[in-house]
Amino acid sequence: MAQQRPPSLVRQIINYPLDWLEERSGLVGAVRYFLFRKVPRDTNWSHTLGSATLTAFLIQAITGAILAMYYKPETRTAYESIERITNDVTLGWLVRGMHKWGASVFIILMFLHMGRVFLFGAYKYPRELNWVIGVLLLVLGLFEGLTGYLLPYDETGYWATVVAININGTAPFLGPFLVNLLYGSADFGTDTLARFYSLHMLLAPGAIFALIGLHLYLVIRLGVTSPPWSPEAAGNERYEPEPPSRDGRDGRRAGLLRPGARRAAR
Amino acid sequence: MEPRRPSQPHLPPPSLWPIGFAVGVAILLLGLVVGWGIVLLGALLAVAFGFLWVRDLASDEDAVPPTRRYELDPLGAGAAPAVGARGEAALPPMDDEEIETYPRSVFLELSTLGLGALIGGLITAPVLGFAVLPAFIDQEEDAVDLGPLDNFPEGQWRIATFMENPAEGEVTRRTAYVRYNGDLKGVPSFTVISNHCAHLGCPVQPGGPITEEQKKEVKTEGAPVTLIPTQPAAFSCPCHGGAYDTEGNRTSGPPVRALDRYEFSIRGGNLWLGTSYSVSEVDGTGKDATITKYQRMYPGEHVDGIEQVLYPLPAPQ
Amino acid sequence: MAVVDEKHAQFARYKDDVQTRGKPFFPHAMFHDTVMSVVVVCVIIGLACIWYFTSDADAGEDGSGWLGPRYADKADPGTTSFIPRPDWYFYFLFYLLRIFKWPESVILATVGIPTIALVLLIALPFLDRRRERRPLRRPVAITGAILVMLAMGVLTYKGATVRESLGGGLTDTWVEQNNLPENARAGADVFQEAGCMTCHSYLGAGAGGPGPELSEIGAQSGKNVDYFVRYISNPREFGNNIMPVYASFGEKTLNDLAVFLAASKGPGGG
């Protein structure tokens, strides 16, 4: 694309490092593709729930990482470290508060997002895999809430964890072994808190990040759906001005908007 | 031999001896920090590999030009490419008559997968074992001293709070409801009921007044034990509505069996608690009670009845 | 197969539509996303601030603000007075466990129903293979969704409002709301501490069964202090085989309870 005049100095300064990076990695091109890809014309505010959920999760990840710098994951010191974070550490109350309430917001947004996807029928072909990944993310998100609840080692967390682990214990055959695995011993012991900490901080977030990456990749690849009731919904057949067939039936499956049928009804 | 082009420098052939030499030097330097023995070891290695390297270089009459693209083929999958060959001509021949009985590519594929699996296994097995096994082995339960028998008047309940393993601290704190029933055949009989609900493990509460003012702290060999008098007419669970009678039998709600109990023994005039066990039902009361014992199961797991088949293997306790 | 071709054709049409008539993600859609994300961040920070500034440094209920206390009491594995509850988003499961109160059915509530629900959720795209996306033409899906949302909403609400006051604290409310005389206070405390609310409710607090609601029991004819003392000491005498026998409470405690119950004539009476 030849330009009529040489690019301005500012443009040159911006473009030079980007070109350098692009030539060596291709990343700039990938970001441009992500930013400037086309989405259906009629996407609306309800489509923002997915990225809102991601934002909430990132807040959890960042505040969680910062909390981990002050939290002491041992039964003798965990509660006191939480007290300290809340009362003594500068802005510790804010980070802890954001993490605590961010968890609830994250879960609410996940359910809202799931509801929106369900309403739009966006789990149907070809987005089935994305739905399955989403459900796994939901389960992992709830799991994060469960394991995180124990970490302040307060009464509410302790007993909620005991009950949750025992619920797993009622599963047939493997239940008792699952309890041992989650407790780290035969009963709530010194290893249980550390185990939940590792699950909450490392294993589950790792899995969530990986699945989110896959989820986003699929969204970018497969595209987002238009609201199904929208007259301009992408994928409808209305733009193809086909000659109405003799008997009004084109042999296509029922339920799709057939322009011939619509015009005939009018 | 092809005459060497003067513009081309003579490069030595590929050789592994410099690696050993480098390792030797590194170990020698490390030894300067760690100790003289390591220095000696490093020096020996460096000298040995250095000698081999130099010998290799010195004996190298036929220098191989740098244009040789492919390493010596240990399996001889084909004739070595012509010296100075480039591009297609430098690739090993793919003719059928020249292919060995065990093609190199197949060997490489299989050995890559095999070694990869081996590495994966070597890393995963100990790590998984570390994560999983300690939960199932290393289980031990020491007896707990609850203090002198005088603290348990006959017919009265005490809420006894103790540590199952004082070395591990507060996290092993447990509570039991203890009542002295009098003597059975000359031996004191106690009812010692665990306060973990048999439904899902919530802390069971006494259905009756608790006289906190008469709380007593008893010093024992282990951690101090707290005894609080109470007069329960029943036990009830605040979580999902389970209720038990004073022998621990379920009277209403979702608990799947009676409350667990503790083995007890009398040593030197003190009451000692042993391992806990699960109970399906208790007939009778106090010292005349008949207790149907089972190995301790987790809450929610049936020990008798039809649903007991769902839990054939108790987890190690 | 014609069906498969139709699927592919529709998706190809979709891609085409997006390419020809779509808008670039940046800035149009991304603007919406960014605004929503800002809202989310502000909501989270706002909640954190409200939570912190309306509470104080006391642990547990004492330091509670508009959004609860800063932290509960430290974990006490040997407690005999704590009422465990999960985090709010698990209330629906929690209440499910209360519904299935027969021992044989426990496994249904703990693993049966949640597992089936999860399997159905994961398998949804394989169960619903129709290509129709408009809600009004997917009656089964929409009805199912509404029922599920209603069920979870009701279960969560019920789980949140279940009250089991085993540690007292409701006496003041009861005295006020139920017009109780001062000498009923002692009995009201015992009523809460002794676990009566595991089976009974009083002014809506406590368990819905198996015992009846008791806030108006004193208004029934013949139910005076003596009656209650006799009943509570030995419910068997009155044909009640479920309620425990509380004779061991002692005279004073039984009398306090009886006074309390006899005075419980409902908000209108007394």
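Should a chain be cited, it is by its letter among A, B and C, assigned in written order, with residues numbered from 1 in that chain.
Just so we're on the same page, contacts are C-beta pairs under 8 Å (C-beta built on N, C-alpha and C of every residue); 3 or more make two chains touch, one makes a residue touch a chain.
Predicted, not measured: the structure shown is a model, and the values here were computed from it.
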Per-chain C-alpha centres versus the global one: which chain is nearest?
-> A
Where are there more C-beta contacts: A-B or B-C?
-> B-C
Looking at C-alpha means, what's the farthest chain from chain B?
-> C
Using CA atom averages as chain centres, what separation in Å is found between chain A and chain C?
-> 27
When the centre of a chain is set as the mean of its C-alpha atoms, what distance in Å lies between chain A and chain B?
-> 31
Which integer distance in Å separates the CA centroid of chain B from that of chain C?
-> 37
Touching at least 2 other chains, the residues of chain B are 170-172, 200, 202-203, 239, 300, 310
Residues of chain C touching at least two other chains | 76-77, 79, 82, 84, 97, 106-107, 110
Among the residues of chain A, which are close enough to touch at least two other chains?
-> 75, 159, 162-163, 167, 170, 172, 175, 188
Could you pull out which chain A residues touch chain B in their complex?
-> 75-76, 159, 162-163, 165-167, 169-170, 172-173, 175-177, 179-181, 183-186, 188-193
Interfacial residue positions of chain C with respect to chain B in the complex | 76-84, 94, 97-98, 100-107, 110, 164, 166, 190, 193-196, 198-199, 207, 210, 242, 244-250, 253
Okay, in this complex, where on chain B does chain C touch?
-> 159, 161-162, 170-175, 195, 199-200, 202-210, 231, 233-241, 243, 245-246, 250-257, 300, 302, 305-307, 310
Show which residues of chain A lie in contact with chain C when the two form their complex.
-> 34-41, 43-45, 47-49, 51-52, 55-56, 59, 75, 79, 82-83, 86-87, 93-94, 96-98, 100-105, 107, 109, 115, 118-128, 131-132, 135-136, 139, 142, 145-146, 149, 152-160, 162-164, 167-168, 170-172, 175, 188, 223, 225, 228-229, 232, 234-237, 239, 252-253, 255-256
Given the complex with chain A, which residues does chain C contribute to the contact?
-> 3, 6-7, 10-11, 13-15, 17-19, 21-26, 28-30, 32-33, 35-37, 39-41, 43-45, 47-49, 51-52, 57, 59-60, 67, 70-77, 79, 82, 84-90, 97, 106-107, 110-111, 118, 121-122, 124-126, 128-138, 141, 145, 149
